[in-house]
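Structures given as structure tokens follow.
First chain A sits with chain B, and in the next complex the same chain sits with chain C.
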Partner chain A sequence: MAKISFHHGDGSTDVLEVEPGTSVMRAAVTNGVSGIVGECGGQAMCATCHVYVRQEYLDALPPVGDDEDEMLDCTVDERTDRSRLGCQVKVGDGLEAIEVDVPESQV
Partner chain B sequence: MDTNGNPGQRPAESIVVVGNGQAGIQLADSLRKEGHSGPITVIGEEEHFPYQRPPLSKDYLVAAAGGGAPAPLPLRAGKFFADNDVDSLLGVAVAGIDRAGHTVTLADGTVLGYSKLVLATGAANRGLTVPGAGLAGIHGLRTLADAEAVHAALGTARRVVVIGAGFIGLEFAAAARARGLEVTVLEYAGRPMARALSPAMSEWFAAAHADMGTVLRLGEGIASFQDDGAGHVAAAVSTTGTVYPADLVLAGVGVSPRTELAEAAGLVVENGVAVDASLRTSDPDIYALGDCASYPQAHAGIRLRLESVQNATDQARHLARTLAGTHPDGQQPYADLPWFWSQQGPLKLQIAGLMHPGDETVVRGDPAAGKFSVFCFRRGELTAAESVNQPADHLAARRLLTHKLPLTPEQATDPDFDLKAYSKAVPVPA
Partner chain C sequence: MSIAAEARPVPTADWVTIEDLYRNPFPIYQKMRAEAPVHWVPAVNRYMVTSFEACHIIEQDQEIYSANETGSLMKRAMGHSMLRKDDPEHDVERKSYGGVLRPRAIKETWNAIFQENSDKYLAQLKAAGPGADFIWEYAAPYAAENLRRIIGFENATQEDLQRWSQTMIDGTGNYADDPEVWAKAEKSSAEVDAAIDEMLPRLRQHPNATLLSGLADMKIPLESIRANLKMTIGGGLNEPRDVLGVAVWALLSNPDQLAQVLAQPARFTDVFDEAIRWVAPIGMYPRQVTRDTVLEGMALPEGARLGVVLGAANRDPKQFEDPETFNINREKKPHLAFGGGIHYCAGAWVAKASVAAIALPQVFDQLPNLRLDPEHPAVDAGWVFRGMVKFPVLWDQK
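For the complex of A and B:
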């Protein structure tokens, strides 16, 4: 199992144990983590699963794809160097744990 | 409701939502976010918890090939309903509406009172009526149960015939090709996705599917199916008399809005439950939204019914503000820009706006490289943009159409014109 930690603006954290291969978006939506919507079902079409990946995990991620790059340009909360779409980040396969900060707004 | 319209002094109204798809669930969520404190009940016909339908014709069909059916993606986790005090009824249909008494009666005899009723009943697949249409092995694709059956059938099928080259038919065709099956698509119209796409984009997709190995037969509809002698489909016979052997048939021939409740209750129905720009039906206490509703479409200038996630969720957010009395500028008409997407194998199709038949079209980008857009104009004004694997164009077009920023066909085709930067220019207030 792999571990995903979702840090919220109010200081609370949701920690999930999920099957390897699960995306950050799917884990959040399936388990009811607030602040992550996933309106398009995980196809990098809607930018409603925006997360800020904590610095220490960034290097372990595959690079931002072209589609993801464009969608990140229209997130509701400001894009930063730590911005990713949760549907494009999967745990497992060398990424056994990840921590992300959940933005204030997605829509 | 008090007469000075102060939302803070409204008594808590009871809202009943018929339908737990994308529109109904988003409405319940947004009602709570907008501060609605009264009871909310969402009624779903299917036994299953509310789930996302779009992946069912795409990723879902190629995931776990050879294994059991994958788990669907929920619209909300189970705890959403408890956390937000939303009553979710599953596996029960609504039998009727008593408008005078402000109640709905469920199929099990339960009677629920409402202050406001919202119809989010969606649409149903049109069935085939040709001889042999009832044979085993002929599937539709809409519900999770449909998708589970199709996923299982793909595991043993070799030859697939798809009836209808719309979004669902072609998404399925690409998934079946990805699983190595022989795929033939029959389409009675002269080009694929004719209702949704410009001829230029439609023709490009016809060639792209041929490149994937799909046989696309245009101008050829379905006439009948042949029985293998044991009640299972053996072949599809087209309107030209051609016989296409098949062990799996997928019918994607469009949908009909679910208007039966509205009709029985005497509401106005006009290609869907007819609503005004505030999404209200001919009964002031009943609203309708999403796939089942036809509304005066601000961008098209005519009454339309749209079938899309964007339409369902944006209308739900709008209606939630209406019902909670929280529109920032008072009551506003629903006027969000329509947009659509389809994923057909490696092809990401995104549409912003509404194309009209006969629009002038120009191409931006390189069709041969599979990354380009078709921009549609009517009397010199941008109406829509269709993009393949070119999300930057799609997002720019959405901004242009939303803010009514002018674009000329010359700018659209000029590779040196920075569309993205231009679309981000602050719109000048009218």
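For the complex of A and C:
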């Protein structure tokens, strides 16, 4: 199992243990983590699963793809160097844990 | 104990009629939602799902809630498009649309064309003069011409696209099995096939940024290309037209909100979002249950045909405060107007760009004191598809 921590603006944190291969978006949506919408079901189409990945995990991630890059320009909260789409970040396979900050708004 | 035994039985709503739904479905949805999230509705010959929660569950689970409906009228009217397929078959066809409808292409290619079209049809509306119909002089030709250019039908007119769209959509909703409706839908379907067949070799020779050009070299069966483009004609014309009409009508009916937007044009994005929440242009779409299941506490048998009523989900008081009111200042929350999950509207960014960023600001900028015509009231209608069917407007001529 892999561990995903969602840090919210109010100081609370949701910690999930999920199967390897699960995306950050899917984990959040199936477990009712607030602040992650994932409208398009994971095809990098809607920009509503925006997360800020904590610095120490960034290097372990695959590079931002073309579609993801395009969508990150359409997020409601500002894009930063830590911005990723939760649907494009999967845990497992060298990424046994990840921590993300959940933006204030997705829509 | 079977799962069904733990669930509540589904109530029957035999009081619902298609005529009432067409005129104004919202009081009906209010009554249904208050009673149960799912009803069997004999008039529609479907289970209608009206709660936000249940519609959301369906959209996220294509294994239990299949898009590949048996006896689908849409398949008959338009062929078997990706909208009636599940993954993995759906995914291949969805990817065949590539980046044509995505933000980068919109910025590089389509925005300039949308602007050109808005200029053209706004001039047409102005020439028709105060009292002209906002939908038929502006919103419809604008949406149709945008779509014609995006698809790449150099061999058709925007009027052709409007006719194709309406007649095939009428076929999709032909529950009464009217032979005349089928005849018109079949004629349009054949015209679209001929237009595609003519364009594909031309675009292989001279590729461009259009959808047809992108599809010309894909290893996708012609049958699928045809069906997907018919779905796109149906879904890419009436919906931006209707959200544009409803958004303008809602603002003209709420002068305080209109004043707010005119002072802060960036808020046309909020107008767009609230307009599609308030009146989802696609009010209902079908799904079929693949095995006995329980949906938000309601037992559904294998094979059950569902109507996922987005028009009702978007006014669920459990999701939205004071949901019946058009209010651009409401708390931002996800709505289901674009659908959700793998079938999330492929044209969502095109709609936002053409309607929220270009048409709405320009309409209010160029038609001073735009207002409703008290002598000729606007008419909104429909439930599977809903929008303005009649919308005369007045403005001050310079």
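Basically, the second predicted complex is superposed on the first by the 107 of 107 C-alpha atoms of A that agree within 3 Å, B and C clash if a C-alpha of one lies under 4 Å from a C-alpha of the other, contacts with A are read in each partner's own complex, and residues count from 1 in each chain.
Everything below uses one rule, namely that contacts are C-beta pairs under 8 Å (C-beta built on N, C-alpha and C of every residue); 3 or more make two chains touch, one makes a residue touch a chain.
This structure is a prediction, so every number in the text was calculated from the model and none was measured.
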Let's test your reading of the overlay: on chain A, do chain B and chain C clash or fit side by side? clash
State whether A:Q106 touches chain B only (first), chain C only (second), both chains, or neither. second
Considering only touches as defined above, state whether A:G32 meets chain B (first), chain C (second), both or neither. first
Look at A:D73 in the shared chain and tell me whether it touches chain B only, chain C only, both, or neither; answer first, second, both or neither. both
Looking at the overlay, what does A:Q43 touch: chain B (first), chain C (second), both, or neither? both
Select, from 76-84, 238-246 or 292-300, the region of chain B that bumps into chain C once both structures are placed on the shared chain. 292-300
Give me the intersection of chain A's contacts with chain B and its contacts with chain C, in residue numbers. 29, 39-43, 45, 67, 70-71, 73-74, 107
Could you list, by residue number, the parts of chain C that touch chain A in their complex? 59-60, 94, 99, 102-104, 273, 332-334, 338, 340-342, 344, 346, 348-349
Chain B partner contacts - residues on chain A that touch it in the complex: 26, 29-32, 38-45, 66-67, 70-71, 73-74, 107
Spell out the part of chain B that touches chain A in their complex, as residue ranges. 52, 54-55, 58-59, 73-74, 76-80, 83, 309, 313, 317, 341, 343, 348, 350, 389, 391-392, 395, 420
Contact footprint of chain C on chain A as seen in their complex: 29, 37, 39-43, 45-46, 48, 67, 70-71, 73-74, 105-107
